[in-house]
Amino acid sequence: MTLTTALIAGLVLGGTYALVAMGLTLQYGIARIMNLAYGDTIITAAFAAFILQGGLAVNPLLGLALVVPGGFLLSYLIYRLILSHLVARASDRGALEVDSILTTFGLLFVIQGVLLVLFGGNYTSYSFLNVAVDIMGAKVAANRLLALALALSIGLTLYLLLTRTRWGTALRAVAVAPQSAALVGIDVNRAAAFAFALGGGLAAAGGVVISMYQTFTATAGVVFTMKALIVVIMGGVGNLLGALCAGLLLGVVETLVSTYVDPGLTLAATYAIFLVVLLWRPQGLFGRVAR
Amino acid sequence: MTYSKGGRCLPSFTALATILGLALAPLVAATPAGAQDRTSVKIGYAVSKTGANAGGAAITTIPNYRLWLHDVEKNGGLELPDGSKLPIELVEYDDRSSAEEVVRAVERLAGQDQVDFILPPWGTGFNLAVAPLFDRYGYPQLAVSSVTDKAPQFVQRWPRSFWFLGGGSDYTGALASLLSAQVEAGTINNKVAMVSVADGFGIDLVSAARPAMAEAGMDVVLDRTYPVGTNDFTTLLNEAAASGADTFVSFSYPPDTFALTEQAQVADYNPKVLYLGVGAGFPPYGRKLGDKAEGIMTLGGIDAKNAQNMAYRERHKEVTGEYPDLWGSVITYASLQMLQEAIRRVGLDREAVSAELSGGTFQTVLGETKLQDNRLRDLWLVGQWQDGQLVGVAPADRPGASEVILPRQPWK
Amino acid sequence: MTPLLSIDELTKRFGGLTAVDRISFSMEEGEAVALLGPNGSGKTTVLNMISGHLPASAGRIRLGGTTISGLPAHRIAHHGVARTFQLVRVLPSLSVEENVLAAIRFRVRPASAAEADEEARSLLERVGLAGRGGEPAAALTYIDQKRMELARALGSRPSLLLLDEWLAGLNPSELRIGIDLIARLNDTGMTVLLVEHVMDAVRALCPRAIVMNAGRKIADGATAEVLKDPEVVRAYLGESDAVA
Amino acid sequence: MLSLDEISVRYGKHLALDRVRLSVREGETVVILGANGAGKSSLLKAVAGLVRADPGGAVTFRGTSVSGLPAHRVLEAGMALVPEGRGIFADLTVEENLLLGAYARRARHGEGKMRELVLDLFPKLAERRRQIVGTMSGGEQQMVAIGRALMSAPDLLMLDEPSLGLAPVVVGELFEALARVRRTGVAILLVEQNVKASLALADRGYLMEVGRIVGEGSAAELRGDPAVQRAFLGLAS
Amino acid sequence: MRTVIGFALAGVVLAGLAVAPLYLGPYGTGLLIGMTGYVTLASAWAMFSGPTRFVSLATVAFFGIGAYTMAVLYESLPYPLVLAVAALVGLVVALVVGLSTLRLAGVYFVIFTFGLAELVRQLVTWYEVNVTGTLGRYLFVSFGSEVIYWQLLGLCAATFLIAWVIGRSRIGLALKVIGDDEVVAVHCGISTARVKLALFAVSSVIITLVGAIQAPRWTYIEPLIVFNPTVSFLTLIMALLGGAGRLWGPLVGAVPLFLLFEWLSANFPDHYSIILGLLFMAIVFVLPKGVLEFAETGLRRLRRRPPQDGSATVAGKEVEG
């Protein structure tokens, strides 16, 4: 395996991580909700795509158009009905963090329970776009390439929106200084609800794409939450491009460790890097948007 | 000092004692049910409905328990030696994939619910966790979903334990001799690329495979272990392709097995022998791959000519909505049939049932079934997808065995 | 004789902002000095650096000849610096006595439990909170919280006491009591550096004053003189000809 | 234009504002003077909707009640606050800060014109459009803060100690800029310690001590009032 | 005097709990084991996380280390020595981790500790696979579950005793000060880092011992089993429910929650997750500060109802906020 192939494989793998992490970085960075049920949103979307594909014969790409708005709406409702009350009563960021961790932990169980009742605990998978694409001599699965492409395009689009539009700048302002945001006329609560919902939409997009090539179960959400969390913290909380870069980086590191060191140590390497980043640069490799 | 914590602890402490008392009161009050004028047979189990093990349990264990309960009910209940039939009263718990929970749940079934029989949990680790309890409370343990070479020692230690799925060296030994026969026939070279998942199952098999392969004259040119939860195998497959081995073996779990299959197609990796771990015997696996499954090998398999087994498969589909997997499921169901038959022969006395299970011969969906030293030895050790069926190809001398077809066709 | 406190070219930068710009001064043992200046001129930042709450960006702080800048705050406390806070900081879930014990029991040579109790009682008596040690600190009135905070600072047996607007927010009669309290402390030899806006108190307590503006020291001398200094008056009241 | 009637604010047991009455007329510049802790900031915060006043009082702006409105609604009504410590978005650029200044619906219409005006008032901001605000000097940051507030096209601009921590030269520049703002016709409610400069700018002023309004008068009257000087330096007592 | 009564009462309850297995049968004993285990875990967790407000998810890292040490050494060393070694290993890991991480704040510490548990699991797995060549370890002990229970009960009592002693000692005072206001703490001369490290070490050693003592229950030890992250989450939830700031808080949280889990999984095996999740959210909404504090405030209100009702509590809240 040449270094180039390894790097390409790593980038493609990282595309999945980045795609999954960007939604969480919006939710945590802007809406300030540490969402432990994030991975379960992903799994829910994966099941939705599976049903659409298997039961209704809807092409998963088309499914994206249905599932992503669904994820957005569901997350919006969750924020409005449940989380906004926590935000309202929290005296400081620390209190909100503890409250949101606990609440979304409960939510995790609820979503998981519902999925279990609906689909059982079985492994679920289907196959879509599992064809090889040749990139500089490396063979890459089209569905994984799609994840990378989606991650890059969503990441860059959102980045442009966040930096080039008033609306996006307002979201960043909420992340950086919610108190001051109110002073320029931004309805902070609405902005946060929107950011949370947007994060949910991204999670749904990730779920649909992942369902094309990865086996999932109703209980697998935690794994995605964890991976996303690692990427978010590495990239800098609320930093979209940071999440994109950190996701890709993580994919490359895993592939390189697997190629040149020992595949048994890939996950250990992931956590080790993560811990080192935390200790060395707690604000993330790419800095934080918030402060 | 007025602000020490000692002063404040008193009311809470009393409150706590009360809570504790209330909580434990029903335990003391419980009395054993009268054994004579019984109206039902109590059967209990604890199994992972949630958590990390839920996926496995949902394939091999839970559907078969349901199917069996359904069948018994349709039959009018469990038949006793006097010909009478008693309905089954079911007690089920979720062990939440936690060892402590499964242990306590079994204690609860034995001590609190005082069930007549306990069906085992899913997984090698959990079966071992509850084995001392089954033994202490005198329940026969029909451990199916556990692959272990230590079964003979376990039988020594816990004489009422029964082990149905063989050990790692059974499977790898059969695979190794199958491979060496193919080398001799000139179909493949003697190089093997081997990957395994880093948990009890994967490591047990790969540790058994190493000496087995060596003994059979196979040369393991790649031997890698990956962590549980890995879903990208690009690197491993590339290495395997580069190793020049004609045989690729993975001792993997369902998500990994699926991912390996998909990614092997993408990489256009075509070893002459493709042997994959758990999951390659799941019906959706065959359905999803269709023609492409042809020639893929794994643990287990069936004798497609065995009418009883085929009937069982249809019934399974009818009752649970999905065909059973082609390795553990049918054995799980057979073990339950054995329990049912033993009860019919000797009644509800657990000691007698254990003895009967140990020594008796039973007609099950597997055909005529008899345990040797509390272990089921008539197993399909290697299966191969042929014409949309996972047929048993080893041991080749077992009645009903199919001829192995190698080399495998490249991906289309 | 070496001064008790000597500060050399002390500087603090926050990002692009220089909050304290090369401040130098020293204090003799037993002195009471006021650190003055309009809001935002960097006085509290100086206190924060002396007490170790903030690390200095540059410069040196020495206490009785030992360099204390760069040490963690608890070590500086052990060297003999105690302080109060601009916004009074009580330990709300502790009793008044425990608030004081917190300092007594963690100084370099902590007192035994029994001695500590005794000492806490006498300190509370000294600040006028005799017999109220058992009350929850959160329930005290504002002035009493300030008293308690002072008792806590004294519990460390400091050689240098830093008071950050300790008198702010007190009504005239409370002010009188507060000034007396500090005056008596100073009379017993305690070195006091106070940041204060209540000028009457400054005049009454401190023979010497240092004035800062926009991070720089603009005056240092006898209080009465300093307060007449046109530059100081300008710093406080602004320049009338600022608007052309 | 703006009138406060019996406004009280308390933090726990501490009464920060005690039944304050105050008014600002159209186009007028009013300064609130007072020593540290007199309650000046609390007053502005109560008007801007950042702290909740006791239910007894009322804040009326151009005839409609704005008591109890959240901050973003107060802004829409036409009052912009430059808070103490400036409250700018330090991680964003000058341009972005100004862009957000015009986030309010009321500001969108005349945004272009307002931007011209702001850049005209603070030419430095035009030069530094792409700079991250956090890296600018204190005086420049204050310009950004005022510029941002003006972008919302307010009828009343409230400033909380804008000269805080600024070097004397910069304070001079600041007040010159405020004078220019004043000339545009915007009413200004200013909280300041810099007595002389702010009285030179203002039409009228109030003097506060421990949560109460203790004096009121035209700028000229207050300039000569010994009570003002006493409040800061205690010289006369 | 009250202390004496308290201890006498504690002694009586302890004695009662100690003889309970003789009357309760296997399931009751199993319940007591699980309950005592979690009470100890939650109390040990709260010992560090309560006053410092560092939310740790590393519980299972230490729990697993304890269990693994037991599995590795049981055959080769006398049992008490194995426990001692487990405690030592836990201590060393705690010191290393503590020295490197205690300066992380807030959610970073939370995620770090979670990552730590995973890292330890991966490393143990890697070591077993590559060095010893086996993954599952068998742990056959000669004693029954009563003995495990008695050990746990002893450890639990010791934990409470340690917590109580700490509460009355200098360190306890330091912790209260740190919990209230860390800035004041350092200016009082308290080395907050050292106090936190000491607490983290004590708490971790206890958690390690719980793992070591409970391990023989499962006969078969493998990383996936002993490093089950649910343990960390449940511990945290129990401690927070009861109120992590009080001596009895974790107990008040752990006992009912544990029994509730048990009841739910027995009666609603298929809807367990949903009910649990809803309940959880309800707890956060209704009892944000924990049951014990809720009950105490309620009691205080009742006791001194009219006329100056609650003024002190209101003030207390304001000062916090």
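For reference, chains read A, B, C, D and E in written order, and residue numbers begin at 1 within each chain.
We take it that contacts are C-beta pairs under 8 Å (C-beta built on N, C-alpha and C of every residue); 3 or more make two chains touch, one makes a residue touch a chain.
Note that the structure is a prediction, hence the values are computed from the model and not measured.
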item	value
Interchain contact steps from chain A to chain C (minimum; 1 if touching)	2
Chain separated most widely from chain A, comparing mean CA positions	C
Most distant chain from chain E by Cα centroid	D
Leading chain pair when contacts are tallied as C-beta pairs	B-E
Chain D and chain E, separation of their C-alpha mean positions in angstrom	52
Whole-Å gap between the CA centroids of chain B and chain E	35
Gap in Å, rounded to a whole number, between the CA centres of chain D and chain B	74
Chain B: positions in contact with at least two other chains	49-52, 198, 225, 227
Shared-contact residues (touching 2 or more other chains) in chain D	13, 90
Junction residues of chain C, two or more chains touched	94, 98, 136
Footprint of chain B on chain A - complex, ascending	1, 5-6, 9, 12-13, 112, 116, 120-123, 125-127, 130-132, 139-141, 213-219, 223, 254-255, 258-259, 262-264, 266-268
Chain C residues touching chain D - in the complex, by the definition given at the top	15-17, 19, 38-42, 141-142, 165, 168-169, 171, 197-200, 202-203, 213-215, 227, 233-244
Chain E residues within the chain C interface of the complex	170, 173-174, 176-177, 179-181, 183-192, 311-312, 315-316, 319-320
Complex contact set, residues of chain C against chain E	51-53, 72-74, 77-78, 82-83, 85, 89-94, 98, 101-103, 105-108, 110, 136, 138-139, 152, 155-156
Chain A residues touching chain D - in the complex, by the definition given at the top	166, 169-170, 172-173, 176-177, 179-188, 289, 291
